[in-house]
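As written, the chains take the letters A, B, C, D and E, and residue 1 is the first residue of each chain.
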Amino acid sequence: MRRLLHTAFKPQLFLLLAAGLLLTIVVRENRFFAFVAGITMISIMWAAGMNLLTGYAGLVSLAFAGIAGISAYTTVGLVMRLGWSFWLAMPVAALGAAAVGVLLGLPSLRLKGFYFALSSLVIQTVLSLGFVYFVNLTNGDTGISQIPPPDIPFTGAVLRGTSFDLLLTFAAWFSLVAVWAIVHSPFGRRLIAIREDEVLAEAIGIDVVRNKMLVFFVGSLFAGVGGALYATYVGFASPRSFDLLSSLSIWLMVAFGGRGTLMGPVVGALILAPVPFLLQQYDTLKDVIYGALIIAVIVLLPGGIYGALVSFARSLPLLRRLSTPYKKSVPHDRSVHGA
Amino acid sequence: MLETEALVIKYGPFLALDGVDVSIGEGEIIGVIGANGAGKSSLVRAIAGLVPAASGRVVFKGRALGGEPPHQRIRMGIALVPEGRGLFTRMSVEENLMMGGYPLPSRNRMAGNMLRCFDLFPVLRERRHQLAGTLSGGQQQMLAISMGLMSEPELLILDEPSLGLAPIVIGEIGEQLKQLKSSGMTILLAEQNATLTGNITDRIYVLQTGRVRYHDKPDVLFRMPEVAESFLSI
Amino acid sequence: MTDLFTARNLCKRFGGVHALRNVDVTQRAGETLGMIGPNGSGKTSFVNAVTGELALDSGRIDFEGAEITGARPHKVADAGLARTFQAVRLFGKLSVRDNLETAMLVLEDPAHTLEAAERLELLQWLKLDNRLQAEAGSLTLFEQRRLELAMRLMMRPRLIMLDEPVGGLAPGEIRAMMQILQELKARCSIFVIEHTMRVIRELADRVVVLIIGEKIADGPPAEILKDKRVVEQYLGTAHA
Amino acid sequence: MMSSAALLVAISVITTGLVLGVIFSLVAAGVTIVYGSIWLPNASNGQFFLTAALICWSFATWLAMPIWAAALLTLLVSLPISYLLEATLIRRFYDVPDRNIAYFVVTLGVTQILSGIFSVTYGRWSDQFNLPPVVSGITFIGPFPMTNNRIFVLAAASVLLALLFVMLRFHPYGRALRAVFQNREAAALRGVNVRAIYRLSFALGMLSIFAGGILYGMAYSFDLTVAWTMAVTAFAIMIVGGPGSVLGAVVVGMVFGFTQAAVSIFANPTVATFSYLAAMLVILLIKPSGLFAR
Amino acid sequence: AMPARAQSGQPITVGVITELSGPYSFFGTACRQGVEFAEKKIAAEGGVLGRPLNFKIVDDQTNPAQAVAAARSLDVQDNVLAVTGPTSSDIALAVYGYAEQNKVPFVVPVAAFAQLTKPGTHYTFRVEPDAVGWGYAAAKFIAAQKPGAKLALMYNDIALARAIVAGIKYQAPKENISIVSDILFPQGSNDATVQAAQVVAAKPDYVYLATVGAFDVTATNQLLDLGIKPEQIIHNVGTTSTLLGYGARSIGSIYGSFFDANLDNVTAEGHQFVDEYTQAVGRIPSYVENFCYNTPYIVKAAIEKAGSADREKFRDAMSALNMVEPTSGVPISFDKNGARKEYMYYMQLTGVAPPKSYTAKKLFYIEWAPETLPVYDLVK
């Protein structure tokens, strides 16, 4: 906690916040762009969590959106059926989702590297099936509409419009602060050690199991909070909102921006999240453009956009402190890891 | 049999080999010794076609080698047993040996060679069905050497074969290499120390930071104090 | 002297292979124990068993009076028993500094830094102090072995098990490493596996010999290295 | 003695299990061969599966080709497609660290492009596509009438699988493929032309995915949504079966086929679906490298 | 001259949020066609209130978030009078949420969810009869065909199908129809042979299919393979592409509908629409396209009734609307929750001429008021 506050006051992170708030204010007049910005903020939050798992701990979890969904549905249920306050429901739901996240992370104890990614892909499909199937909880593929925005406690008013957007901006910023704090904490170092070599990590006294579970918990928290905010922000939740494609696009933001860097996923989210909204007019080309964009980046800058920027960034003192440089792994098949 | 002429190898800006000339005659056993990072592996890897020469050339049986990749060079008769052994850890000992004989045209030649390897290192026969990755360090080394022999090379290159072997086995391998030599095989041996190279090689090249520092018969070399000091076995 | 660690009739089979057969080993505090044996005789397996990498079929292991049988590797490391690997194992992509700092995490005291005097002199002693920024993977083997050692010492172990610490080093480097190990004795007890007899002869107070997973001899190097079976099955006449 | 109703259902389960099983196996085999040599987790395998079916459909409907000709031609078409992909996208990553991740991103891009194209072309023309039967008529298996078309699909797929299996098991190529997967440099040193193996594996994998798509189109009418379900199924089968193991793909594929065939026998199909995916995870926890991984 | 002057006023814009890409692109595109035809004709007829009536079409990518974003952009950027368009029910529901919260009139052309017009709905109007009603009508139809019939149900695990089945199960006992087999398919099912066998074993008089997309055709064929007669198969609804997809062997099978080119109540304008649509798309329109074609006319009528392009006035006009479908003369009116007065046809396929058209004959027609059955107790 102390560390967290400490980090929160780092000037460069403040700058980020300022930028975010500025953006929110600028677009506030146009509710459409404001909405797109809001979704982008949530995406940043998700990407940050995914990055913690994928980038730092080396655990590619494609069930991420599913976990967000669990939290979203729980929040909505608690708010709309039991009449809880959002501010009580959201943490409860997020914690619940995080617990599930830990559970679904268990295979990673045995499955090495990308193999876990592939199995998590299957887990995601199971979750999607679940969202459709447990109609009385999720209202099936119909989805739940008219989800009320968060209430403002003790006032009876609700949080909507620009104030909600600002909340999202803060949330996104805070998640970056959190990731920063974690990465620069002993826990963060342990994660990196585990990513690099589990056997060695254990030999120097790192409890691999415990730390993996822990990172799944934390990462899923990001997913959960994001999910709860997403549902209330969009005002609608359906299995389609939390399906495999969503997981993949979040993961893509990370890979696209640059794994294992603080800013990479932000860049990724800032670019990829708005694309589908802004291209709504180009229904025939949209997907092609999106796909081509992804391919182009990975072909031209294998380290992700930010990965490529880092070397340049190092020359700028401010960015330097923001960037944990992108590390490439040794060119050897046994490290390109599989089962 | 094989010459390198002013061979230069770069890793990015880093100069690993800086104009090395070695020549290996038909049926010789040649040693290359040098401390860590002297460039032994770079040299042998270049000969095997794993790393490109920045300049200079490698001439094999009178023919200058260009960009031939390793899989072609082994068919010409150059087999490298790399540092780190280059085993297929999740394959059985037997399958590894079969991979060793991959370039062979006929199955029964493969079988024949395999038997010879088993006679060379009986422990491999016992462990023929064990996964290579689970062999002990030394057993793995023996398997690696056998894989090199499987393809019936004219020039067998070993990069630090004595690594991790029990003293007695090092002795045995020495004997085996002598036999191979007498059966007409040419051998290039890269080593850190002279335990193995000392008594079996015809000539030794001493590499130092990418250059040939000395080159002579072992007995002559090891009478030089500075060489003895840093390479003679302990 | 008190027993630092004891292993009582350890057994481990891999299918038909006896990696360890009722192996009893005891090491006293301050003592340097050597282990030799032909390839595949079970030395590494022994270390793996003691440090929890390998699940035993039967047997009991105590360290500083507490049982650690079946404890997971990180627990063993926590308890003060460090080990190195036969093939050097480092976080190759991380800097030397990061490697060292990661190894210090086990101490869990927030105040600790690499700059603490004790650690600095450790690094100077191992001649790593000016390589802190280098990528661990790009170090020479000798440097890597030293870094490995430094990482273990960061954990303030009472016992360190070294699996072939001079494997792959050139003679000159071997001498240097032996010097280091001599000085290391002052810091913690050492258990060392080696195929280089000089290391055993000069460092070990006592030597254990494994052959096909069985302990066949245990005593001071001088005698052991003359032992008929050891010479026949391990050293070979050349060395005798 | 079973009642004829029960017998009917029983036989229908068996035949359906077989048909689904061989098709799953074929696609999974394609996926597993590619991943098990190049470390290429092909996220677009489902889309290519669909591509095959659609191409075959186009040949049959627009060019009014006889279905068998359309099928063969489609298989041929897979070769230039593989070559193009290999030359433009796949090849450049052969030496990249973490290339399985890079590949996953790239193939996701390809998926996006293909699905985008399909949804605005075929997707707008029709909401389902059918291939005419290759052979007509019905054969009775006890009380159960099985269309000869399904029998044909079953036979064709089985033959292809057998061929793949034999090739990987008894031809040196099979061992070379696993060798390259495990330690590429060592394989090169032992005389394996790594890039040739890569190219071959990719083409072979695409070929069997295409075959799977065509046969699926012959057995069932299909729409664009089949791509993702198939992609996930194929990955699931590969993980459980072990990478590079065609045997694993076949066995696990069959299990998946039969489970899907049998679900409706259980009280609740969706729950049954959960349970077999759960079973998959359990298997993985017990044997992480996959049942048939070496 | 008259139209020219008429259109001088500044245009009234209505937003169309529909699926032009993603899984539903087929229906979205078909719907867009219908809307665009009507748009042209209305323009030719001189627009509305002397102002052009424009429809701005946006792709929702079959994705709720995208749909909401689209609704928002149409609302705040283009300031549309109303929105319409989605053909996928969950998308429609997402837009519904936005519409009700932000007081944007929402006319749903093809989405059969009762939830879209649940009590308290104020701004949303559903043109397509709701799915529970489909089931109700099916039960009525079967009872009329064969008293005491034995019925088998096969349906996918999707909301639409569950709603239909709820309707059937509610009405069946009242019509003393016995349900002899009740089979649910998980999403992503490929094969229905086993289920078909189970159905055959249960010896039903009719099999009611509420399956979707390609699987619908697969299931049909596999039922036929196992010896079920076409006459025994009832499809929840029939769209041209699926009806043609079933192929010649399923001639005689039955399907529900709300408009059919083969009906004799098709008006002159209806025929003109059918011809033009067939010209352009190469396939005769089904009820989907028809609803989308009629929707602009509904909007137009409401604007004229309201006499202005004010959202509140428009909404009131909608709920008081009383007109007939220009294509078929079927009456259109909405109850206080915006639910349309329910009706349904059951047709029998009598011939196919792929890829263009098919012939069918009417077996049954029924109308009923939305409150006839407790829809909102049956589907939450």
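The rule is simple: a residue touches a chain if its C-beta (ideal position, glycine included) is under 8 Å from a C-beta of that chain, and two chains touch if they have at least 3 such contacts.
Given the structure is predicted, the values throughout are model-derived calculations rather than measurements.
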Chains in simultaneous contact with chain A and chain B: C, D
Joint neighbours of chain C and chain A, given as chain labels: none
Chain centre separation in whole Å, for chain E relative to chain C (CA means): 76
Euclidean distance of C-alpha centroids - chain B vs chain C, Å: 29
Whole-Å separation of chain centres (CA-atom averages), chain B against chain D: 44
Computed distance of Cα centres, chain D from chain A, in Å: 32
Contacts with two or more other chains, residues of chain A listed in rising order: 129, 132-133, 283-284, 286-287, 328-330, 334
Multi-partner residues of chain D (each touching 2 or more other chains): 116, 119-120, 182-183, 185, 270, 273, 293
Residue list for chain C, restricted to those that touch at least two other chains: none
Touching chain combinations (by label order): A-C, A-D, A-E, B-C, B-D, D-E
For the chain C and chain B complex, residues of the former touching the latter: 14-15, 17, 37-41, 44, 86-87, 140-142, 164, 167-175, 195-198, 233-236, 238-239
Residues on chain C engaged by chain A in the complex (per definition of touch): 51, 53, 72-74, 77-78, 82-83, 85, 89-94, 98, 101-103, 105-106, 108, 137, 151-152, 155
Chain D to chain A touching residues, read off their complex: 35, 39, 41, 43, 89, 92-93, 95-102, 104-106, 108-113, 115-117, 119-120, 181-185, 228, 232, 235-236, 238-239, 242-243, 270-271, 273-274, 277-278, 280-281, 284-285, 288-290, 293
Interfacial residue positions of chain A with respect to chain D in the complex: 60, 106-107, 110-115, 117-119, 121-123, 125-126, 129-130, 132-133, 244, 248, 252, 255-256, 259, 283-288, 290-295, 298-299, 302, 328-339
Contact set on chain D toward chain B in their complex: 172, 175-176, 178-179, 182-183, 185-194, 293-294
